[in-house]
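Each of the next two complexes has chain A plus one more chain, namely chain B in the first and chain C in the second.
Moving on to the complex of A and B:
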């Protein structure tokens, strides 16, 4: 499949596809961070995670519309506000859903999967009724347009770089929160041994709600970032959900580093192969390899060693 | 549980439930509905095959597969390949640049039949493949996963990924599979035109017959020690393992059984609907199959049939009059079934209708006093069998998280 390319062309192809893979990587990381918290730490399967992401995207869309009509002078900075709003809206909805639905189902993980799937159907149809079935896009501020010209064959779009920076900062933030804060310590205590955590006075129900809301909020930020590189439709979230779950499971459900490593591997493999094969075959091959490895190593790349 | 004569079984309560279903499907619906609607009921019934498999696999043994559409699709595609080859005779396809191959291959510049299509010229091979291909895939997946003790949500996610892979593969490989349109324009089965009303009605009855065959196989499994072990495995996998049973083997068996049922359902689907396409096997279709089973009652094989019929009928009804409301209804159904009545219609039936029935039965039995001591015991049996289901305490200790 490398026939007909000179070595310098091949290098540029790898660099360009590598960068395309990096924006896929950013989307994966952003979505998988939220999922890794909810699934990895709480054992809850949230099939509506993609819809939370889309909620964040629509929030960003509305915010950008608001800034365009009322505060055109501040338009360059709307994105930061939008990200904050997306986080708050999604976290609030997440907390509500946890209270209404998820908390009744903690001991039945398979049933959470079905219930959140139902939720995702409802949310999708709600978007379709409110925003219409057509995809919407946001207007990018001027400073995000354009691209860096690295060499005459390689150029990197600024919005892609920006999204990547967001993804990495979120990943670092989640890491700090989970491993360097009192809250994170409590979460991990509840994950590892719920009765003992309760016995030392941790409010495990409160921790659950906060963690679920946090995961949903991160999905909202992911959605806000997603608008920078693509348009948003009612069912865009569903397109990513299976891939994202595979990313989380492949990385080892409770390991944040594993999630990032697997997001990187899967996105790079997919986008590099996409250049040489058709898009669908690249995806099939990637998924097959992931599923194959998971069959041989079910605990994922980096498994947390916990005695239960 | 044992009855001295098979005839007596039809007089027992369980027998009456089966008779009622048979009466509904064989007498009532064919009399009430025109051939078009009957054909649609036939289509819904093909999903009931999958739902029965899911009851065995998910309800009894606790293995949730989100990839049943894969097996359904494989069975359906096997049948569709045979029918397509029969429809693509060199005479019928003379205008193509390569006569004798299916039309979509010709459109995709294929000049000869791919090797894996060749065996589907034979009907007997097709019949074997309809069950064999899904079972083989289920065996490979099951063997890889269950011997490594992967279960629960991991298994669900991986089966879902497999459904995604197969869909993308079928859509991507247009020349070999017919792509997103699927395999269409199927005409005859061994020279018998399957598109006429008479043929569709016949196919409906064949489907009902196959359904009862599957119901009886499932019933056979659930009433044996085998079925008991499956249920025990769901509740206390470790204890079953420590008692010396090979848990993985039982899981592989029940997963393959569910795949076989789904494959038969898929083949019947192709015959009844007249085409097969990737939209029936993907992630969304596969997870909808779970709701058929969940609504009917995840522990009741008869409930699964009713669940498949009701959900599909509601789907058609809604889609005809209020298409935008259907996803809301479906979503609410998922949430409601899980939160409010996890044992589905069968559970509700047991709680509310069965006590009434008990009274009726008792009254009727007062006249025939000799049967009273034996019968109630026989009746209570299925009840205890069905109430050992959702104990959240047991479930939370389920070792699938180990």
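Moving on to the complex of A and C:
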């Protein structure tokens, strides 16, 4: 397939393909971080994760509309505020949902699956009633469109770079929060042994609520970021949920590092195969490999040793 | 949502318009009783098969998804069909009878379409069903509508390979959209190489098969053909492949949310469609889709359709004005919405030509029925139940509208089973 191309053309294409893989990797990390916290740390299967992402996207949409009408001069910077708002809105709703629904279901993990799936349907229909069934277009400031021209053939999309930076910051942020803060220590204590954690005076209900809210908030940021590369509609969240679970489960549910390793593996495999095969075939092969590895390592790539 | 009571309550007619409509019906029937008695044929004569026809009303069904994934696309069709029904009623109805409708929700779920169409035919005895959008939902309705001998008016452009005595296809079948589009790119833009890209299901695959055969016949070259799963949102790899192969034309049939991702990422990767290097020709992006994608992301792409909102003819101006008056100024009208609008009008013409609501009598009359007030200009029903219509090429503008740059001189003949293309 490479007949008739000069070596500089090939080099450029490989460079850009490498970038494509990295940008898919950062998309996966963004999608999966929130779920890794909720599913991995709390054991709650949150089927409404995609809908929380879309809530973040709609928040961005509303913020962009607000800035266009009232603060057109500051439009260039609205995106950062939109991401902050998306985090707050999603975290607040997450905390509410945890209080109303999830906390009653901690001992029935399969029921959380059904309940959150129902929640996802409710949220989708709510978006449809509020924002209409049609997808909305989120307008981006000019500086976020277009590409960096590195050489004649190599162009790096700015929004791809932006998504990468957000993914990196969030991954670092979550790492610091989970492994370098008092809160993180408490979360890990609750995950490892709830009764003992309570016995030493940790408010495990409060930790649960904060953790669920944090996961939802990160989903909101992801949703805000994805308005740059994907669609914003009532059922757009469905497109992400399968890949998200795939990344988290494959990485080993309780390991955040595992999530990142698996996001890297899956994204590189997929984008390389997409280049050599057709899109659907690449997806099939990726899934086959993942299934194969999970058969050998049911706990995922990086299983955390937990006393049960 | 007030749509729910329509589905749950079964037989509630027409939301806010209902009262006004029944008053109009009342007024009409009073007038009829005094002056025009002779003009309205007796119900026993025009309805011998037990359809829901009374002396002054006739009931039809509307069956689209107003919830679920497909609501996005199908709501425009519902709006167009209701508009047509209101306009027909205002102009005196069909055979002197006002049209009432029962609306059901297919909920983006194919078995639900089958179940609801059975309900419409068996319980409501509707005289016609305007509905379905995806091929999957049409295929679900097909056995039901054939079993109970109903008549479905199906609005979407689709892959062809079907011709049921119980369906009228008011959208284009594949060849009507594709052949003229490719010919145009070859003749006017000197295209020699093509890259076929679509979502992975029957319509893009069949369409690309036809496109590939046609390109082969012209002695030109397909340099890539690719399908991505529905809902796929990462197109960077295929964009790189397109950059490597440098086709003259990208022939795109990506649908749904993937569309938004694809065009945004093309733009971000530095592809400016206005350069036409490569030129992008789509058969799946109507004005409706552009609202979600954003006009700035698709500026300069070309679409091959039979209708664009910007068509410059008196019929269309009236239609667009009426549509905006009914549903708001910010509404956009895509190809399928217009095709859905044709359904009730073609049904009315067929009923009046047959002088009867009976399905079997209407069917005899389909071939040759014209609709001269069609927003797309003029359409005529072919004996294969599809429409003769023109193919047009539009160029997308930043405001989300297409500018028509080409239209076929003749009406294109519908050919759902194109020989040499299978």
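General observations
Convention: the second predicted complex is superposed on the first by the 294 of 308 C-alpha atoms of A that agree within 3 Å, B and C clash if a C-alpha of one lies under 4 Å from a C-alpha of the other, contacts with A are read in each partner's own complex, and residues count from 1 in each chain.
To be clear about the criterion, a contact is a pair of C-beta atoms (placed from the backbone, for glycine too) under 8 Å apart; a residue touches a chain by one contact, two chains touch by 3 or more.
Computed from a prediction, not measured in an experiment: that's the story for all the values here.
Contact with neither chain B nor chain C is seen for A:172 once the two complexes are overlaid on the shared chain.
After overlaying the two complexes on the shared chain, residue contacts for A:278 are found with chain B and with chain C alike. Within the superposed three-chain model, A:230 lies in touch with chain C and out of touch with chain B [touch as defined at top].
After overlaying the two complexes on the shared chain, residue contacts for A:196 are found with neither chain B nor chain C. Applying the stated contact rule after C-alpha superposition, one finds that A:125 touches each of chain B and chain C. Touch criterion met: A:27 reaches chain C, while chain B stays clear of it. In the superposition on chain A, A:104 makes contact with chain B only, while chain C stays out of contact range.
Look at A:134: by the touch rule set out above, it reaches chain C but stays clear of chain B.
Counting contacts as defined above, chain A residues 125, 128-129, 238, 278, 280, 283 meet chain B in one complex and chain C in the other. Of all residues in chain A, only 39, 43, 45, 101, 104-105, 107-115, 117-122, 124-125, 128-129, 238, 242, 245-246, 249, 278, 280-281, 283-284, 287-288, 290-291, 294-296, 298, 308 touch chain B in the complex they form. Chain B contributes residues 58, 64, 66, 141, 144-145, 148-150, 152-154, 156-158, 160-162, 164-165, 168-169, 171-172, 283-284, 287, 290-291, 294, 324, 327-328, 330-335, 337-339, 342, 392, 395-396, 401-402 to its touches with chain A in the complex.
Interface residues of chain C facing chain A in the complex, by the touch rule stated above, are 1, 66-69, 71-72, 75, 200, 225-229, 231-234, 236-241, 243-244, 256-261, 264-265, 267-270, 288, 291-296. Residue ranges on chain A touching chain C, taken from their complex, read 5, 9, 13, 16-17, 19-20, 23-24, 27, 125, 128-129, 133-139, 145-147, 149, 153, 155, 157-160, 226, 228-236, 238-240, 271, 274-275, 278-280, 282-283.
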